[in-house]
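Scrolling down, you'll hit the structures one after another.
Both of the next two complexes hold chain A, though its partner changes from chain B to chain C.
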Partner chain A sequence: MRMSPAPENSARRCPQCDAQLNNWIACDSCESLFDVDRPVTHFELFDLPQGFGIDHELLSRAYRKLARRVHPDRFADGSERDRELATRLSARLNEAFQTLRDPVRRADYLLTQLGGPTAAECREVPGSLLAEVMEIREKIEEAKSKGDSSSFEALHEAITARRDSTIHGIEALCAKLDGAPGETGRELRKLLNSMKYFDNLLSDLAGDPLSKSTVSVAP
Partner chain B sequence: MSRRSFVTTTNDPIIGIDLGTTNSLVAYADEAGPHLIPNPDDSNDFLLPSVVAFHEAGNVLAIGREARSHAVERPLTTIHSVKRLIGRGAADLTQEARRLTYPLKSHSSEAGRDIIAVKIGDRRFTPQEISAMILVELRRWAELHFQRDVTRAVITVPAQFDDAQRQATRDAGAIAGLDVIRIINEPTAAALAYGLNRAEQATIAVYDFGGGTFDISILRLEDGVFEVLATNGDTHLGGDDLDHGLIGLFTREIADSLGVQIASPAIRQQLRTLAENVKMQLSDEDVANVEIALPPSLTRRGTGEVYPPVSPLGKGGGSEAVTCHEIYRRKITRGEFEDMARPWVDRTIEACGRAMKTAQLNPADIDQVVLVGGSTRIPYVRQRVSEVFQRRPYTALVPEHVVALGAGVQASILAGVKRDVLLLDVTPLSLGIETMGGAVGKLILANTKVPCRASEMFTTFKDGQTSIKINVLQGERELAADCRSLGVFELRGIPPMPAGIPKLEVTFLIDQNGILNVSAKELRSGMEASVQIVPTHGLTREEVCKMQAEALAHAREDMSAHHLIDVRTTLEFDLNKAERMIHQFGRLLEPRELRRLLQQVNELRDLAKISNNAEELNRRREEFDRAVLPLAEMAMSETLKEEATKM
Partner chain C sequence: MAYSDKIVDHFQNPRNVGSMDTASPKVGTGIVGAPECGDVMKLQIMVDDKQRIVDAKFKTFGCGSAIASSSLATEWIKGRTLDEAMELKNTDIVTELALPPVKIHCSVLAEDAVRAAIADVKKKMNGKQENAVAGAHAAAK
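Then we have the complex of A and B:
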């Protein structure tokens, strides 16, 4: 399953200055930008091995290095084409970085890369989840009608703990992924599908939808 | 080195502007670092009060400090805090409008649009136009400083500004004749100003409590890259609110003790000034004296709301004024002020907590806390910030100057002068579209790194339908009605097909400025669809162009930089006139003379394109006018002859 881009990459040369290319989107030597000419995975973009385990320090460093090359601020005086391309490549880079940085989004992406099932192909959730969610929702309503802040806190803690344990489950399944996802992939998809239920419960609990803390954001 | 360092950056300077609620500043940066540009009339003065005073008829009386001095005697035509209005509509401003001393009117009656304006005499000015006047003045400072044209600028906005507010700020720049090459977030700019010479790694919290807005941003600095991890805040929370807290207190007490309701804009303005002074005094002292003389007509009990002209406090020369004025007087302690300020400061502290949560950081992870904005001078604010981050804030730079200095740094980054630093920012608000039943389908979440992109598929639901309307929203709420509509985006030019067949891919791109760009493509035909936007709270391109032209027409003529444009225009006019004469009466000239004139016309046309030297162009124009004189005289007498034969 490892598909390191390294060998292919080292053979690539910049069409502008013929320098060796170290990445897929910009030349370190002459600073030209390239439209990615084939579908490059998020992992390839950062020259990281494809897999769930990821070196965050390497990822961040690769991200900053590429961002320096392709950020539109580098092309404020550049041509229309360069500015447009810089914006597009930066958007692509940001998407890739934020996907790989977050364990849930990374797992989702990896599963899709390995052949699925995707969220559209499998909408199932683990068997006991719906009953569990119903029960928690009732408790939230109860706490709301009482206006009891201590039970709010207890519920928040309980849901967060369930959410965290689901993330651990996702991580454990990802570690088992190898080659075709098969049954492990299906179980993984179910856990991924259940994430939004916990997020919704947390935002229900927060009640005031103005509170930004209810918006789940990649870490 | 790399190729780009040899591609010389264009010579005209790029300026950085902090367009503030209370004060505005302009800065630039060179190899030595950022510098503020002073008021040309006073080299120690860097603050331009963001105030424009008008004559009753609607022409500009003064901008800046002088304008502010008119606030009490001309409360209805002295426009302040316009930043609180920019990019917003009447529906957003019901609270705000009550506090202003000047009236707001609706600018556009078009369906789906909600744009406000300030009415002065028979004229209406949008907040964009008033802001443009402030920008023109700052531009003038910069042009006098550099002794050359300034056409490009970086302008800062609160991090929490939405798309409409950012667009409106950019439009204000365009009306002022500035190419706004970048909009950057104020806290991010502040971090840039502070982080100049630090090669090390650090996590920085920027607490920016200004006149009208509050932002908290948390950034990671590493390898010269400033990466915003999270931002939070409130575009309607600032020092103004504390002033209004004091004004409310004074007004209530005046009502209780003297039995009068204050309705006069002049007295409200007087109270506003008083509140500002009290607030500032309490930053240095434990107690402040409050004293205001109320005119006699106001204190006649039982008259209810009165609206008399008022002489400002302190004039006091007339003897009858001294005898008849009733005085409202009290002492206020710092403790009382802090009690009053607590709810607002609480809100800023809560936002700090949310930002840390989003960034997944604890106070112990924050290496440095930077204070920005005049309201951070308040000791109570400093104390609360120290508590929440568990460390003393860093205040090496003047809090009112930091943002402009950072804007100057960003300008030098864009100019290629400074190449070792890069800003990576985030979008403050979630972006979505209205779906069935008035819900919001979120496409991009708050705190996503920009530039960012999201695509969504649409189709038609009638046979042969060639356009689709999409309501684009920003905000965190679940219902479209609770979010801010950025406008209705109408996709046109869809090839006619049966219902449900077109596959329209709409791409929403938020650029590095936090501004939305929408494009659409019909995938079956590969045709680009055009996107027509009706901005809910913004101006159309045509409106901006029109305002730009009006601004030029009304601009005060003291601007040296516009001299060149004027000279070019005059030259162009003279050349066109000469060409018409040559065309009509050239036959009267010697062929050699005719050739010489035609050659001159061409030469001058070319020169006008390349030369930036107004003096030279003007001299050549005058020479040319003299050379054309014989032809002009012949043309004149020929015309007279023709007229005579007609009679």
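Then we have the complex of A and C:
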């Protein structure tokens, strides 16, 4: 796991009151807000080491603390600059928090931070995934036309299991990430690319009124 | 967003929806997908002995533009030779359907599917030739 502390952080001082700064966006002493003055990663924003394994308790605590600092309500009577900044920083914080708390989004972000490949650079998926997805699609279609609720049940279970095992695969590869992602990074991107297909299959099933009723009677 | 009448027409009355026997030596199958939206497209072609596409079918699970793009692609490649079909460009689909910029990737998907289907049937034909040659060698021994 690559650690990337922010050494400049402790040496930075508030331009307003000269107090030492404990984070990148707000002064704990005079409550001024700042534009992040260099590209700060989501990990740095919450003062967490860069890596896949994160302490969720620390993440939530850091998020809540910063979110309170920059909450737009606090600056409702402030200058236009402060109001604009509070809105922008809040959005940035939310984006960072939502990204890091979700294992798939965190893996995607970490891979990109470490040099990729990004989703645009590698559009591949593992081996026969597309044929498999097509086959499941056809089965869903068939189950819908027959109104076959037991098939829905089985399909939902099978897709969920495939999705879960893909997430486990993503987690396993992330644990192996160290420095330049290389071939591991490529395999990881392929698994990340396959997630959207599983999500679509599940929402297709869930979007059908029949599937909803069958899911609710599931034991 | 306003869609052109042609997209709506192909979406509501898609041409050539269906499947062919993947195992047939005369059938080429291309399955492609777009990881950003999770759309999957299967496009199949059937060729005669002169490498002319006599039939084309597709199944697309995705947005209306992806369905319209693949529907149009099957219409266009029917009757063409494999070499002629390779000339199909996604930009032709974009122009014909007046696809909005955010949906251009749907036309790319259709082009990729056509190429994958052509590559598949060509592989089968080459394999058959190699088998025939191998068979001839075996018979000679």
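One rule holds for everything that comes next: the second predicted complex is superposed on the first by the 200 of 219 C-alpha atoms of A that agree within 3 Å, B and C clash if a C-alpha of one lies under 4 Å from a C-alpha of the other, contacts with A are read in each partner's own complex, and residues count from 1 in each chain.
In the analysis below, contacts are C-beta pairs under 8 Å (C-beta built on N, C-alpha and C of every residue); 3 or more make two chains touch, one makes a residue touch a chain.
All values reported here derive from a predicted model rather than from experimental measurement.
Visitor: Which holds for A:E95: it touches chain B only (first), chain C only (second), both, or neither?
Guide: first
Visitor: Which partner does A:C30 reach: the first (chain B), the second (chain C), both, or neither?
Guide: first
Visitor: Contacts for A:H71 in the overlay, against chain B (first) and chain C (second): which applies, first, second, both or neither?
Guide: First partner only, chain B.
Visitor: On chain A, which partner's contacts cover more residues, chain B's or chain C's?
Guide: Larger number of chain A residues touched: B.
Visitor: Of the two partner chains, chain B (first) and chain C (second), which one does A:R137 touch, if any: first, second, both, or neither?
Guide: So A:R137 only meets chain C here.
Visitor: Could you give the residue numbers on chain A that contact chain B in one complex and chain C in the other?
Guide: Shared contact residues on chain A: none.
Visitor: Give every residue of chain A touching chain B within the complex, in rising order.
Guide: For this pair, the touching residues of chain A are 17, 29-31, 60-61, 64-65, 67-68, 71-74, 76-77, 87-88, 90-92, 94-95, 97-98, 209-217, 219.
Visitor: Give the list of chain B residues in touch with chain A in this complex.
Guide: Those in contact with chain A are residues 2-4, 7, 9-10, 181-182, 222-223, 225, 227, 230, 232, 354, 357-358, 360, 410, 413-416, 422-424, 430, 445-453, 476-478, 482, 509, 511-512.
Visitor: In the complex, go through chain A and note every residue touching chain C.
Guide: 119, 123, 125, 129-131, 133-134, 137-138, 193-194, 196-197, 199-200, 204
Visitor: Flag every residue of chain C that touches chain A in the complex, lowest number first.
Guide: 31-40, 42, 59, 61
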